Amino acid sequence: MTFSKTPLFSRSEIIGFAVLAVLIFLILPTFLGTFRLNLFGKYLTYAFVAVGLALCWGAGGILSLGQGVFFGLGGYCMAMFLKLEASTPENTSIQSTPGIPDFMDWNQLTELPAWWIPFHSLTFSLIAVVLVPVTFAFFIGVAMFRRRVGGVYFAIITQAFAAILTILIIGQQGYTGGVNGITDLRTLNGWNIRTGEAKEILYYVNGVLLFAVLFVAHFVRKSKLGRILIAMRDQEDRVRFSGYDVASFKIFIFCLGAAFAGIGGAMFTLQVGFMSPTLVGIVPSIEMVIFCAVGGRLSILGAVYGALLVNWAKTSFSESFPELWLFGLGGLFIAVVMLFPNGLAGIWTEQIMPRLSKLWTARARRAPQTHNASTEKRGAV
Amino acid sequence: MFSDYSMSELGAIFAMQGFAGLILFSVFVLMALGLAIIFGQMGVINMAHGEFMILGAYVTYFVSQFFSAYMPALFGSYFFVAMILAFFASGALGLLVEWSIIRHLYKRPLDTLLATWGLSLILQQTYRSVFGAREVGVTIPSWMMGSMPVTDLIEIPVNGIFVMVLAVGISMAVYIMMFRSNWGKQVRAINQNRVMAGAVGINTEWTDRLTFGIGCGVAGVAGSAFTMIGSTGPTSGQLYIVDTFLVVVFGGAGSILGTIASAFSISQAQSIMEFFLSGSMAKVLTLLIVVGILMIRPQGLFSLKLRK
Amino acid sequence: MTFQERYLLKVEGLTVSFDGFKAVDDLSFYIEPNECRVIIGPNGAGKTTVLDLICGRTRATDGSVTFRDNELLKMREDQIVHAGVGRKFQTPSVYEDLTVFENLEISYPSGYSVFGALAFRRNENVQQRINEIAETIFLEDMLSEKAAFLSHGQKQWLEIGMLLIQDPELLMLDEPVAGMSVAERKKTAELLKRIIQDRSVIVIEHDMGFVEDIATRVNVLHQGKMLSEGSMAHVKADPKVIEVYLGH
């Protein structure tokens, strides 16, 4: 048998990663101006969420409709730090209480709430960006998965969490900035994040972090844990009666997805310069699922392309035909479910690759069959 | 916080808030009944349920316009005509949607959820393009205006009572359909064992379509009733969708009585808390309590322990 | 030999009720090491439910199930597996999206925790053991095929292989030859005879010829209660059993 050492990356996977790296680090920066590049940087922050969903939903079959919650929590942790840095007593001397964020002053708060105080520290904030979403996901995960809540019930309850957090943020505007969110962010440890140069640097930082996340995701997919996830999705009971504590695997992957989303949220805040409840709620959360679905729910690289493509389409459509966009997005939801359940990745492996390889073999005039001829179609679960 | 009020005032407050809760309850019940049929019996998540409801509301609006323009003498009774039309309009759209989308996805519930979300976006934009982005309100017939004094301090609005009566009536109709009619028996049979139901000669395909259609039709009636207490815009349906799903899940999917009981407890909790807290905090607390209870008892309030 | 040592599994007063309906009612039986116990009974007698109760899939209302010194009713499903109880389901449940190799690999008894699974590597031992098992279950040429492409009988074998690789002390098989062709049935009978040698087995089966062939003792269940227990010959002659099977 030829099952000796399976390498972490197959040849086609190396090519896939390389192509994406060339796109993100060479092609986009070369051809886009600072404004557009910053826009694509914003799209790429959604890719963090989509990659997490490819693990949770694509591999593990756990559909979370509350990823916006984790994206938002990460983003808010970052925004709180930046807001505190921007609200020095000098900058806010016209307020009735100088030294606190402007929206607190407008809401008649006279001192900084205690839970804001640790966000003066950059280290604390950066840890919080990951740890707050993960802790939250952990509690939801333990409560739900230990009790074997899954499928549509899990989806509905995570959606309820997205609704709850949005209402809470909007309702408690004295503490959260309300519906406008936390705006007017300026510097990161004294470094002005609003200059063109800073935006370009942040784009690259974002790209590097995204690749780190992609490598982690790839490692997980390729490990035995990745195969257990797929096994769980297909036959949960069989996995359980093979001696695995199914819930702990679900909790882990849900927390990992939350960590990715939190990092994405923080990068969003840094690149776009604000964080608001419009990125947390039901609508953005379910749109994040479509990024993953368009890319091909199982494919982590596909998730990145999905996020780029859908957001780019959204921007271009909303600029020229705003009323058409909702038709387009709605149609996309239906089409990707009914016609292309494996998304872009599916089109690539089922349509383009076989043709390419046919072309290749025809040219090489070799009689023996190629190995990837049997890429079979997999119905979604 | 109670010291500012006298006992009789407090009683009146609770009664009024309780009544406000009853109106919310009626809305929840009307919306949730359609979902209880579609989700509870068929296991299909229809995220566009709110849009089916709004279609009913628009139908009611146009019927009221038609009556005031051409048959002002009969204006007092337009609502009943509108309700029937709303049922058939939403029901017909439901049949179409089942045929074109849902039936391909019965084995993939999570995908149905995404596809119907897409459908809801398309419907919202359609309403916006066709009926305009502005919210529309109907003219309530004169017999439904005003309020009935119960005591010196307590007054209850007539339209509220009407919506409640409607909610009770439709609940009973759905209950009878589900548990007394032949169709209901077939739906429940399919829910329990699809293959066997097909084998004993039930046309599962047609029953599914009809069930989905009736569920959507009930949503249309809900929308029609909704116009009596609020105005309608293209996105009004989305406001209630999460609450409604929680109502159905909380009640125990598949149980009509459970749905009604859970709609009652959720709406009462919310409206009574609303008086003491801000509206948004009342909502947050209600949702948190519901989600919390669902975590302890995921099968909902009313469901049987079954042999798998 | 003490009572403790004589029996591997002790089921005592096992009861489960679903909303008042007692699917299994005050059931007691004892399994010795290396015995092959067959449970028979008409449909709805509660046979599958008994297995579900032992392996933790259904929670018992009352009674006790002791495996060596472990009270199984208090343990989680995966802990019961670790204690040495394996369970095969009635319909073959294999992971269709994974290859035969990967199916067996997931059952390989190592890397059970989240981080253990992340750190798990395919080494020589894993490789060798999987090849060994694959040979036993007649699938040595199918290792790189997706399980979805296997025939019904082959899926049954694969699931049996997934249990074998864990080397359980007690193996519970729910209708292992149901839905198989005559040839597959024969092969499976051979396979089962081979694998039941060094362990205790509980089998649910309808095929009487097959039962006679393998059983050390037979339990007959009827309406959740034990109707008869003993050798096949004893059970066959029991008037109560004849009544239930042939009677009215």
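We just call them A, B and C in the order they show up, numbering each chain from 1.
Everything below uses one rule, namely that a residue touches a chain if its C-beta (ideal position, glycine included) is under 8 Å from a C-beta of that chain, and two chains touch if they have at least 3 such contacts.
What you see is a predicted model; the values in this text were computed from it and never measured.
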By mean Cα position, the chain sitting nearest the middle: A
Comparison of A-B and A-C by number of C-beta pairs in contact, larger one: A-B
Maximum centroid distance from chain A, chain identifier (CA atoms): C
Inter-chain centre distance, chain B versus chain C - centres from mean C-alpha coordinates, in Å: 48
Mean-CA-position distance for chain B and chain A (Å): 34
Rounded Å distance between chain A and chain C, as computed from the means of their C-alpha atoms: 43
For chain C, residues that touch 2 or more chains besides their own: 57
Chain C-touching residues of chain A, taken from the complex the two chains share: 1, 3-6, 219-220, 223-225, 227-228, 230-231, 233-235, 237-246, 248-249, 252, 376, 378
Touching residues on chain B, where the partner in the complex is chain A: 43, 45, 101, 104-105, 108-115, 117-122, 124-125, 128-129, 242, 245-246, 249, 278-281, 283-284, 287-288, 290-291, 294-296, 298
Interface residues, chain A side, partner chain B - complex: 57, 61, 63, 65, 143-144, 147-149, 151-153, 155-157, 159-161, 163-164, 167-168, 170-171, 282, 286, 289-290, 293, 323, 326-327, 329-334, 336-338, 341, 380-381
Parts of chain C lying in touch with chain A, wherever the complex brings them together: 55, 57, 76-78, 81-82, 86-87, 89, 93-98, 101-103, 105-107, 109, 111-114, 117-120, 122, 127, 131, 143, 146, 159, 162, 166
